[in-house]
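First chain A sits with chain B, and in the next complex the same chain sits with chain C.
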Partner chain A sequence: MIHFVLLISRQGKVRLTKWYSPYSQKERTKVIRELGGVILSRGPKLCNFVDWRGFKVVYKRYASLYFCMCIDQDDNELEVLEIIHHFVEILDRYFGSVCELDLIFNFHKAYYILDELLLAGELQESSKKTVARLIAAQDSLVETAKEQASSISNIIAQATK
Partner chain B sequence: MNPFSSGTRLRDMIRAIRACKTAAEERAVVRKECAAIRAAINENDQDYRHRNLAKLMFIHMLGYPTHFGQMECLKLIASAGFPEKRIGYLGLMLLLDERQEVLMLVTNSLKQDLNHSNQYIVGLALCALGNISSAEMARDLAPDVERLLQFRDPNIRKKAALCSIRIIKKVPDLAENFMYPASSLLKEKHHGVLITGVQLCTDLCKVSSEALEYFRENCIEGLVRTLREIANSPYSPEYDVAGITDPFLHVRLLKLLRLLGEGDVDASDCMTDILAQVASRTESNKNAGNAILYECVETIMSIEDNGGLRVLAINILGRFLSNRDNNIRYVGLNMLMKAIVVDAKAVQRHRATILECVKDSDASIQKRALELVYLLVNESNVKPLTKELIEFLEVSDQEFKGDITAKICSLVEKFSPEKMWYIDQMLKVLTEAGNFVKDEVWHALIVVISNASELHGYTVRALYRAFQASTEQESLVRVAVWCIGEYGDMLVNNVGMLDIEEPITVTEFDAVDAVEVAIKHHRLDLTTKAMALISLFKLSSRFPACLERIKDIIVQNKRSLVLELQQRSIEFNCILQKHQNIRSALVERMPVLDESTLSGRKGGSLPTVPTSGITPCNLPNGVAEPAAAPIGDLLDLSSDDVHASISSGGDFLQDLLSIDLSPASAPSGTSQPPKAGTNVLLDLLSIGLPALAESSSSALDILPSIQDNEAPLANLNGLASISSLPANATSPASSGGMMDLLDAFGPIPQNHEENGPAYPSIVAYESSSLRITFDFSKQPGSPQTTFIQATFTNLSPNVYNEFLFQAAVPKFLQLHLDPASSNILPASGNGSITQSLKVTNTQHGKKSLVMRIRIAYKTNDKDELEEGQINNFPHDL
Partner chain C sequence: MAMHGMRGLSIFISDVRNCHNKEQERSRVDKELGNIRNRFKKEKGLTPYDKKKYVWKMLYIYMLGYDVDFGHMEAVSLISAPKYPEKQVGYIVTSCLLNENHDFLRLAINTVRNDIIGRNETSQCLSLTLVGNIGGREFAESLAPDVQKLILSSSCRPLVRKKAALCLLRLFRKNPDVVNVEGWADRMAQLLDERDLGVLTASMSLLVSLVSNNHEAYWVCLPKCVKILERIARNQDVPQEYTYYGIPSPWLQVKTMRALQYFPTIEDPNTRRTLFEVLQRILMGTDVVKNVNKNNASHAVLFEALALVMHLDAEKEMLSQCVALLGKFIAVREPNIRYLGLENMTRMLIVADVQEIIKRHQAQIITSLKDPDISICRRALDLLYGMCDVTNAKDIVEELLQYLSSADFTMREELSLKAAILAEKFAPDLSWYVDVILQLIEKAGDFISDDIWFRVVQFVTNNDDLQPYAAAKAKEYLDKPAVHEKMVKVCAYILGEYSHLLARRPGCSPKEIFSIIHEKLPTVRTTTIPILLSAYAKILMHTQPPDQVLKNQIWAIFTKYESCIDAEIQQRAVEYFALSQKGAALMDILAEMPKFPERQSSLIKKAEDTEGDTAEQSAIKLRAQQQPSNALVVTDQRPANGAPPPVSVGHLSVVKAPNMNDTEDHNSTEQAPSQENGNISKVDPQPPSADLLSDLLGPLAIEAPPGAAVQYEHNAAPGLDGGPDAVDGLAIVPVAVETNTIQPIVNIAERFRALCLKDSGVLYEDPYIQIGIKAEWRAHHGRLVLFLGNKNTSPLISVQALILPPAHLKMELSLVPDAIPPRAQVQCPLEVVNLQPSRDIAVLDFSYKFGTDMVNVKLRLPAVLNKFLQPISVSAEEFFPQWRSLAGPPLKLQEVVRGVRPMALPEMANLLHSFGLMISQGLDPNPNNLVASTTFSSEKTHGMLCLVRIETDPADRTQLRMTLASGDPTLTFELKEFIKEQLVSIPTVHQAAPPALPAAPPTPQIPPNDPAALLAGLLS
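Showing the complex of A and B:
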């Protein structure tokens, strides 16, 4: 099971955190600080796994971002690497060659995508196409609602209420 | 954007925060935003609720408190539109966790959304439930989730499946409800549903043996078929990863098959063919393929034995280990760890590779490999492996040294074929990384050395050499000075020379020099210096020629600013000057230390004194509590409890001398801290018994007289008359007084009443069968601490066995119990048990003592229990 997902920039800034196991706010901050220190200081040619508090943390660096996932001792590290890559590919497809800034300004979108990919700390969908389709469908639902809300008649109705 | 919008947009806020140059600026921006959001919340602003929540999420990610936004999530979730719900659920998952009570409020909204007509809203609710549900919510909403497992849209079915995993993890007894719907998911074609369905079955197997049995009987063939189909499936762009169709599904299927095959021959047989196919046909040049192979090998290792498959798996392992990719090597080591249970020989073949990995530049791989080496070691290969590890210790990184030292020590101790080898290896470790060696390890080493009488000379010479080479490693110095003190004569005369040794010439003065270095070295700590001082004292009788020099060094330390050293040197000096007749007897070699008690203590029962070799360290002068603490540590092998070890010093000495000192130490309990010191002195004197007997027989007479008077003693108020020895120890606050003890041994002791106010004794507890009296005393200067001497008297005609006294105090008091003098209480008041208690009253002067007690004992083979509360303590304690 994946206990949490962290996206940390090379400067140690947090770009996304998702917790599938209960960690209090205090613990979260501590975990992020601790792991940030361990992972950012590792050299480029080393393996992508770190033993940490009886768990394993699988991380992979894409450009300036480190994608980290914390898993149980008996989980398959190599597969988790694939899951990370899977996530990155979906982000890439959604944003069109994704960069850190996309994830900063549209952090909520990144969360929506992650929620279509992982649930309860387990992989939900192995098809990138399906995830993209589901996200697009939900985005268009939001767009329709927005259009309705900003239509002239609606504004007048609101104003005269 | 809404033309009437006020405040900044999310994008603008992020920009503003990113533009901040300093942390203070960022805090200011965030504070302003938070204030605006709070204001909006107070006004119950509906239009911008979702935007405010989005901002809060960003602020939360930066690590600022955002609890005030939690209710906003609930409001958004309760609103009707999809966009509000979407952001509301996201906020819920981000800002809250399952332990917050607010979460309970959302249960109702979740229930409604799980039944919503819009499937995307159902999806949102499932997602939130799956990610943060608490046990109560899981219980409440399980029926809805169960129903959604049959929903028409596969995307909801897969979410419901993962949500069910969360539910059965939180409430395992719901597992059987999900068994049948889960098994029907396995027949689906949609990969998302299949993956999540397999995962659900895996987790069901983990929480319920019933489910495991069910799947084993009904699903294996289907699973094997699915795995075969997917392994043989032609290229499918949607699921293709590096030429393999859906590696994620592969891995999950293999994992479930592993659970089903474990411990079941028939089930294992069913899957052999497909496992062989996956193991032999999967491409291993890409990560995805290796992920599958990794899982497949693990499954092969776990299911019931099939020779051919195992060979295949071991071969894959070999390939993994020799791979140049660090990731693959890491998982290779991981697999070996599991394979070692199944096929230790095959793993042993890879020993050389594993040892290479210990020396890898990657800390993760090093750690894995070290753990593996640790598992690999047995009696036959301990020598070469230890050699390798010690060689590696020399070159390893500082931060890795602690780990590796601990492992080597434990290996050497566990598998050492002979003492000589053990001592050799330990010396190497001490020389290389003595600062990382734990106390109990070098304590154990001293015990072993003490037991290996034929190696004493060899060891002390080897230690001397190592010590000459470097004084960097603290624990090496400690062991060295101890050995030089004990076996110094063998060092100088090359006694017990072994064939393999190179003879060395060490003069008596060289040996004394070495110890002097240890005393004077600025980097060594108090314990080491104290040990060195004792060692020096011991040498004074081994090397008469150096006596003057030793005296000089000791005298220099009389002015040491460290109380512990000062006192020791003053005491030793006094013995050297005035008590020549008993000196040689005092510093005789330690008796051989008992190995069995050491190993027994490792079991962790009693916090007694471990390596008696360092007993001389136990000369805390009582007045110097802080100084005594580290010594306590030194003495204590198995327990962290410093107090316990200090007070147990006395017991240990009793053991050592097998003289029942308890009557003597019992009255001394009235002045506890000096007790240890006193006992040691008694001990010193008892060692020199023959000499002493002539010089001051009157002092010795006291001991038997105490024994005779033991019973009435307890009821006497003024203990002064009997507590002659300790009384002396109590009076002086300076260490000079301690010498008086030696000097004025014969004369009749002075009364100790003048040392502080006296308190009347009380009868703390009395029943028809038992009476407990308490005698009190305090030490001058610490009014908070009261020493209580409890005396138990049996009023019944039956003997009490296994007598145990327990006491509890309220929080403002601290209680310390010493061991009782015995656990058998003779009948009809023909003797008594005494036990010392130390109570520290943190509210001294405001509250008086109070104590709850419980006494357990056996009489006529029946367990008895008495309880009571003591309220009649004198007020000013």
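Showing the complex of A and C:
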């Protein structure tokens, strides 16, 4: 299973973290610090897998961002590597050629998308189209709620004029 | 795309981004946190929008790495918001901020459940996602049936069902019992007929987990898995949106093949044939293409297929096909494929018949060993290590040696350890082994753990033929200008013992040997000097006829160190000096070291432990290392310490007799020469049972008996300066007392025993500090408070408390202040959660400084098994069915216990009662027997009923028969061992061994319809 997902920038800034195994706050900080050190220092033409504390970390760099997923020793590495790519493609489709800034200012969106992609540390949906559809449906739900709210406040505003 | 941005959030993020340095960022974040805190406090004016915004900001700040220790409540409360936008935020932020152990999560459990069983699809999705990501045991118990219903519900859409499937997977991981229910296997099989690939993929993940736990129950799923594989991989019958770079759902293919690997065989010939057809197609039909993603995906499938083929004992032809493929992979440039090729080839080693083919690739593998990518090196090293045997050991070890000097620093320890093991295991002759180890030390002295050189000393000592060779080699190495300190140690030791065997060779007179060694003395650390002094003493002894000049020279050195500040050096100097004036007696005392008892190499065990990381080790790992390292204490560490007779009592006696006081130790010092390096049982007054031994060497060994060990701290020294290896040393010896001059004024072992039975009292006390404990236990939770009281008028500084929990306890100690003011007491709460039954004991590593005195003690914490026992009274009507249903091992265990501390039955009943066992009077017809019941709480077992029956023999109070039953095999075993420990008298095992007959007490004849007879019948 995937124990956690980590997005770190080249400068070591954390852009997203998601933990599927229980880690305390302290452990989380430690993991990030330690793994950041290991992964950011790796050269460009090396393989995408790192041994780490009895686990394996599969990572891939996209522009300035490192996407990392920590898995068990005997999990299928390439499968996870392509889950990363699958995630990136979905982000790309949603944001329209995604860049780090999109993920910084819309980090909450990234979380929504990740929650449609992974669950319990396992791949939940392998169809990009389905994920896109679900996220769009969520967005429109939020929009509708907003409109309703504003129309109600309009009515109230009108009434109290 | 709807980007309903939140302005406040965006502005805050920009602000943080615009900060020029960490300082600025922190102050901006602090300001925001203050603001959020204030807004949350006066909740009234907060609109849902505001709340949402602040909660997101909190998450952002948390993500940046700042502590966010408030507002969790607000996040959780959003979960029950009526409108979707707030609810969504509440769910997501909660699942990011909290983990399954967080108390706040309990508050939400009802809302979450309502959302799951409610009709609103969006709420169902949100709640399933939360539970699937952070749900814990409590969730598992209360929600599993609801979630199971959703998976199968025909009225739910796929998006809900796939989430439910994965959610159930999470709950299963937290508590397997909730899914292992009647009929679930059939429903699981039914799920595999699902047409929606999202649901099917999720279900397959669930199945993988289920079969890995218990494949027996899921045989019905096997043919379905093969069908699925056939459908996707061969017929490519998959909707367009589920193909990934032209490959039909690679993830589903991988998962399906993973599930199949958990079934031991496939018996049905048709199914088997179909599967092999598909596998053959995958093996042969996967080409390397330009597109990286397509390549990765197809190879993910291919590697899984390889694993499945290996698992299924395919025909030889197919296996060699696999090896050929792997051989191709390990030769490619592409690093990922090469890495996986090496990894899978290592896995393949366990398949018979292919080793020979793999050996052909040796040269290729060695190329990968030298790859700049450390990940690949590691895999190559693993493979070389695995494929090594007598035929290729020489080549492989030489390659490893050669590579050592250029290898990445983080790999050198593992590399040298593996080389040492291979050299030992497959050495064609022992001189080669010595060569290898000496080369290892020369090339990577810093990375060589002490075990490695201890081991070579052991070999040399045990093999007479080897001794002259080793001595000559040692001289050769020591002759070199810059020698690593470890080399000095091993060479000085060997030369001290065996250089007289070289005496006739040129340049090997005692004088010359002495000067070669002595040249190094100014360059070594104090920990090495004792070894050199021993070597001098031995050289002196071997010099026949005595050489007056040499003698004076060596005496001068002894005299010089007589006033050395280091106690170990001082003692050796004084004693050697005195001994060397005794003439003949010297010969006896400093005679050659006797042979070591043959033992299995502890290096091999160590290799398993050091796997991977060498830097920091978790407490659990540290504990795990204690076991193997014990062997080292006995065998390997001795040569270093054993050499000088006066200290040869060794740590073992120290460890084994925790109450031994200083004077006793001195006494044994006097006798020591005769038993140097001797059998340990001589030191120990009585040979303890195996259990006892493991107990004493187990967690207990950590606890330093400061009273006894103070004088002998440097026994440990040679084992301790090994840098990364120091962990081992810690586990072995009472290192903590290295500088302790302060003695406890209570008997620590006694305090600990007392606290095992009561919940408050003093754990430790010395002239400066008193550590008290107060504990509260509720089910599997415990809350201990440590009271650290400074008894003095000046402060205690550098206070440090570290908990080393055993694997089965989760312990969190709140912050311990760095200093304790004069006459003050501080309280440090310690939270304990018991995960599963185990007798291991947590240790508190406590240190402080008073003036210049540094005190460090390791104290066992009374968070022991019996604290999680709750007496429960069970009536005969309840007892018998339970007792009967728990039939036989591993749930019911029986053992005849001997060496029991003789006590009257009521006394034994009291003892059991004090550990939380409820004695059921009159349940057993035999007045000599006791029946008791209790419940044990842990996260794994919850409150689990345990039944105990003890049959005593009035004729022989030192033995009894004990039967234990509970619903959990580990619990039964651990509780049995625990009670046994309490009953067996450790200090008085003097009496002769009890008769070999398992003397079960006679069962009286009772009419068969009597419940008591029934019990007796069941028990016997």
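Please note the rule applied: the second predicted complex is superposed on the first by the 152 of 161 C-alpha atoms of A that agree within 3 Å, B and C clash if a C-alpha of one lies under 4 Å from a C-alpha of the other, contacts with A are read in each partner's own complex, and residues count from 1 in each chain.
Going forward, contacts are C-beta pairs under 8 Å (C-beta built on N, C-alpha and C of every residue); 3 or more make two chains touch, one makes a residue touch a chain.
Remember, predicted model here, so these are calculated numbers, not experimental data.
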### Task
Could you look at A:Gly54 and tell me whether it touches chain B, chain C, both or neither (first, second, both, neither)?
second
### Message
After the superposition on A, what does A:Lys45 contact: first (chain B), second (chain C), both or neither?
### Response
both
### Message
Just checking: does A:Thr130 make contact with chain B only, chain C only, both, or neither of them? Give me first, second, both or neither.
### Response
both
#### Entry: Partner chain(s) touched by A:Ser140 [first = chain B, second = chain C, both, neither]
second
### Query
Does the superposition put A:Ser150 against chain B (first), chain C (second), both, or neither?
first
### Task
Please write out, lowest number first, the residues of chain A touched by both chain B and chain C across the two complexes.
14-20, 22-25, 29, 43, 45-51, 76-79, 81-83, 86, 104-105, 107-108, 111-112, 115, 119-120, 122-130, 134, 138, 141-142, 145-146, 149
### Query
Mind pulling up the chain B residues that touch chain A in the complex?
2-4, 11, 14, 18, 54, 57-58, 61-63, 65, 81-83, 86-87, 90, 93-94, 97-99, 120, 123, 126-127, 130-131, 155, 158-159, 162-163, 165-166, 191-192, 195-196, 199, 238-239, 241, 246-249, 251-252, 255, 287-288, 290-291, 294-295, 326-331, 334, 361-365, 367-368
### Message
Which residues of chain A touch chain C once you look at their complex with the stated criterion?
### Response
13-20, 22-25, 29, 32, 42-43, 45-54, 76-79, 81-83, 85-86, 94-96, 104-108, 111-112, 115, 119-120, 122-130, 134, 136, 138-143, 145-146, 149
### Complex interface listing, chain A residues touching chain B
14-20, 22-25, 29, 43, 45-51, 76-79, 81-83, 86, 104-105, 107-108, 111-112, 115, 119-120, 122-130, 134, 137-138, 141-142, 145-146, 149-150, 155
### Query
Can you list the chain C residues touching chain A in their complex?
1-5, 10, 13, 17, 56, 59-60, 63-65, 67, 83-85, 88-89, 92, 96, 99-101, 122, 128-129, 132-134, 136, 159, 162-163, 166-167, 169-170, 173, 197-198, 201-202, 205, 239, 241-242, 244, 249-252, 254, 258, 293, 296-297, 299-300, 303-304, 335-336, 338-340, 372-373, 375-376, 378, 611-613, 812
